[in-house]
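Below: a set of structures, written as structure tokens.
Shared chain: chain A. Partners: chain B in the first complex, chain C in the second.
On to the complex of A and B.
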């Protein structure tokens, strides 16, 4: 059936190849723009326009009502660069990222190896490791706020300690890190698991014939084959962690944490905009943050390109 | 000696072709798996048990795992006092609308970018790629003032539409559509089908797994989205589940048993969905992730 269809099609295609190309190009010109139009409309309204508006607002002293804003040049940026609280907030977000990214990458890899190598009940391991990711951030945050509360919290009780997780500056960020690990490791775990399952069997078989033991197979086959996915996991985690907000505010009752120690950059920006009503200043910080995120994303693209050039 | 070595290494190897007998390494791994799973499930189990305690018992020091007296009072109180049903409906409306719009809009755009020609395509594509870096967390305040200008604060539209322009989803589908063999389309063009017909009858059915992945992730992200609804709604009647639980329930002064019950209510729908569609979701994560690679 398939063969006959192909033999019938082949000459037809040869005959009209040129005609098809013209038709295709014409069709494309007619409709191409329409395919993209609905998305572009939304994209311009809710991404590009806010971005441009953010740039404009950042040069004014606008308040939340949007009336009576006057142009003040780069004053907001100048103020921001001298705002110790902003640098602190940026530091907290960066510190959180530095703690979370390596932990989550290693943990996700180990969990994936475990789930991949146990022969029975794969669905059960997948379910258990992934299920926290399905909870809303606020639910996971409330849950760990409760677990970490001194006295009534299960965490201290289980380990027989009495650590002031949420009220002491030296532990608060650590509590948020532990919560984030539990809550989000499942996503990276699934990525690793899929990548592990994508490694062709014959590589291992060949290595075994050559007498490689399990450790050698992991170092020389598994890890190199997982390089791409590790790059992806790290990149996604860095971008997500820099945008820390939900779990931190929920665990700290919408406050900045003990001695302001958990106030993230996003939180500080939103406080400036919605609590102090300084929309201009908050916009300037948003733009600064956008630049930081863009630099990180471009750095990744640059690294990827270099690696491809070096690898091939 | 050689035989022993070979069996051991086969047992350690991964791919289960048939049911293998319990080997020592499998027993150790399985026990480890059970232990780690217990750690992951413990917080949720603790939440469940706490939601079945009375408020007084939930606040007892030191805490204990199982309720001494099992009671559903927290769950009942949730139904009678909270706006929980409202929030649930709101979450459902918002997530379903966002998912539908995102699927339609990003499938069209992904295909348009991958397979059609029009003026300014590469510039627009570059713009979309830069959109990967923008989120309500990054541009919250300017996005809010934009939505405010449009008069959409405290409306469904204000919650839904800004979630409907995800550059990432367009990118994933763009990658997929690039991989669809052109011959399939050309054959249909020869038969006289137009662009739209080819798109709807040939390309979309082929893309079903990718679309499922995009749909599932959009739904999860939208159901769990806290930041944007938090910024754009103040009206308790309009809040979504995560938002209502975090702001309204906490502001009463925390009642842990009720809070845990509410949290489980918010989390349960997705957990049930996951249990039923586990295969598709796992394939979806793999698919989306590998596309981004």
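On to the complex of A and C.
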């Protein structure tokens, strides 16, 4: 009898379970769908649609007025790949990234160590390091424009030098890098601090018992435990730095910097679209930039996957 | 009758609905209020790019107009100077949401697709309100004419000037009996003047401000001196580049010498140094109110004719009619009336340093006693302007491409001769390129009067 009861019950139970799941899924969709709908609508309106429209425009010779555009195939892309100024602008963005990313990673780590280990006035340290990040880019940019101005700026005054920070092409990008460090290090600092606080104390205790000194503990416990967060910090910084724009244009009064030396890729795209009115061409450059950024992001994922597999 | 139950959800919904409806209501009220308050039936929307002292002068002129013309409601909007302004104007005109009246730099008109984004002026209507072609410098008037029709009504010209400190120059013996700077007619004389001024000036300051790292100023100065040398840009058919690299090299070397001889501190703030005692600075005439406000003893003359011929860079603010598909009728006439009023009542505008384009203003006693305006009013007759092509004009493509090249030569990171060649190459590229607004090259555009 038991067998027959089982044979009868089992499919029935399975059926009910399946039915409940369907109902749940259905209800879930109905409810969740409505909650997500406003976001989806905005996402489609402001992200998906402009993206598709951008791809289409990049294949036309559209101008700013939005009328009379004709399809010209890949001409914009062909022209862009031969546009020396575009490569220069990309070079400036890459150079900025190369300077900012290592500096910000090391600095954020050091500041986090400091805030983590100092016992007195912990909140004050955290506040000091993080607060600049809350400023809008225009405020931070204007602030450093004043600090760097030759003749009256506090920077030169403090160090007793007379460096033309904002007006000489060999210093201009450096000035922007320094401003960016001050302004954005707080975010990476916070990530590091959280990670540091997440390392279990017993690891350090065990190491201490085994006679490891402070240096050993840092090299063999802290740094390995922070590996993942370092990967995240570097990746986020690379992506953010490549998109250099707002602080640079604010510090350079919306110009391209001394002898075009701080004109970033984003700024050049904007100029093509809104000074030269070549919306089609600017769209093509945006798509090229999109591909570059996507490649960087994918490369990171690929590298991380390799590392994870190697770790296993 | 059952009263509807008032619960939290219903209350929230009602409150939310009221808030939304209310905001729409206020918005509607806002748009109507401007016209209603003035009790006027004709409304002229007027977009301009004047801020600071210019903005205050323009608003004063508009207020005067409002007082005399209660039947016309002027709704003026001031937008950010430069490319943001032109972008908005272009998109508004293309989207048929354009204002009745706008302001543009004259150099930008040719590239602004006159006929599509701009409507032509009605010459007879202008004459009815007192503005005629013969009241203008012919060259200036013709800058606004494209394909035989007037698209830009000049309000002023604004020029690059050589400002000098009378107190310093007097010590150096560089003032004439009339209290004005002694005339200079060659580069040697000019550097001699700088040398003498440096001997008596305050130490630690530069001798002259040249905006050495500003691509706009360096470009404007280049246009001035290149024109003094009689340099040309393109042939009349706009098919050939006539840019003379040798003449350009001469100009670039002249700029560079100011830096190598130590008369300029690159990057030093020019206006501030002048106020603190630097003997010279080259600036736009819009610095007049700044220096007058600082109570300096100073004069201002057109850029020195060091290459033997008077010419200083000039650009003009002008009134334009952004394209409206239904342009005409009372609002259009009111736009003409407003523009004509401002143009013919430009004495206030002259206080901002600009030279009024309407010549009868220049011969009034009030203008003749304005200093230093009366010292540089002659610049009207020696204008060095950018070529009349679609890519020219204030902060336009031409300035954006060539300005940084001039800077790189003046700052010393590239040799003058090499830069001159690069400029020529870039001009050829621009001449061959199509105006994105209508897909035509300069040769096909026919943007010549």
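In this text, the second predicted complex is superposed on the first by the 278 of 312 C-alpha atoms of A that agree within 3 Å, B and C clash if a C-alpha of one lies under 4 Å from a C-alpha of the other, contacts with A are read in each partner's own complex, and residues count from 1 in each chain.
Assume a residue touches a chain if its C-beta (ideal position, glycine included) is under 8 Å from a C-beta of that chain, and two chains touch if they have at least 3 such contacts.
Small disclaimer: the values here were computed from a predicted structure and weren't measured.
With chain A as the common reference for superposition, the partners chain B and chain C occupy compatible, non-clashing space. Of the two partner chains, neither chain B nor chain C is touched by A:210.
In the superposed model, A:168 lies in contact with chain C only, and not with chain B.
The wider contact with chain A, measured as residues touched, comes from B rather than the other of chain B and chain C. Judged by the touch definition given at the top, the superposed model places A:129 against chain B, while chain C stays out of reach. Looking at the shared chain after the overlay, A:229 reaches chain B, while chain C stays out of its contact range.
When both complexes are overlaid on chain A, the residue A:275 reaches chain C alone and has no touch with chain B.
By the touch criterion stated above, A:68 is placed in contact with chain C alone, chain B being left untouched. Of the two partner chains placed by the overlay, only chain B lies in contact with A:146; chain C stays clear of it. Put simply, chain B and chain C get as close as 5 Å, counting only Cα atoms, in the superposed view. Shared contact residues on chain A (touching chain B in one structure, chain C in the other): 64, 66, 151-152, 254, 274, 279. Residues 9, 12-13, 16, 20, 23-25, 27-36, 38-40, 42-43, 45-51, 53-54, 57, 62, 64, 66, 111, 114-121, 123-132, 134-139, 141-144, 146-147, 151-154, 157, 182, 187, 190-191, 193-198, 201, 204, 208, 213-214, 228-229, 231-232, 236, 239, 243, 245-246, 250, 253-254, 266, 269-270, 272-274, 279, 282-283, 286, 289-290, 293-294, 297 of chain A touch chain B in their complex.
Residue ranges of chain B in contact with chain A, taken from their complex: 9, 12-16, 19-20, 26, 29-30, 32-33, 36-37, 40-41, 43-44, 46-47, 50, 58-63, 65, 101, 104-106, 108-109, 111-113, 115-119, 121, 124, 127-128, 130-135, 137-149, 161-162, 164-165, 167, 170, 183, 185-187, 189-190, 194-196, 199, 220, 223-224, 226-227, 231, 241-243, 245-246, 250, 256, 259-260, 263-264, 266-267, 270-271, 274-275, 278, 282, 285-286, 289-290, 292-293. Every residue of chain A that touches chain C in the complex is listed here, in rising order: 61, 63-68, 70, 149-152, 164, 166-169, 254-256, 258-260, 271, 274-281. Looking at the complex, you find that chain C touches chain A at residues 82-84, 87, 90-91, 93-95, 113, 116-117, 213-215, 266-269, 272, 395-397, 400, 404, 407-408, 411, 413, 434, 436-439.
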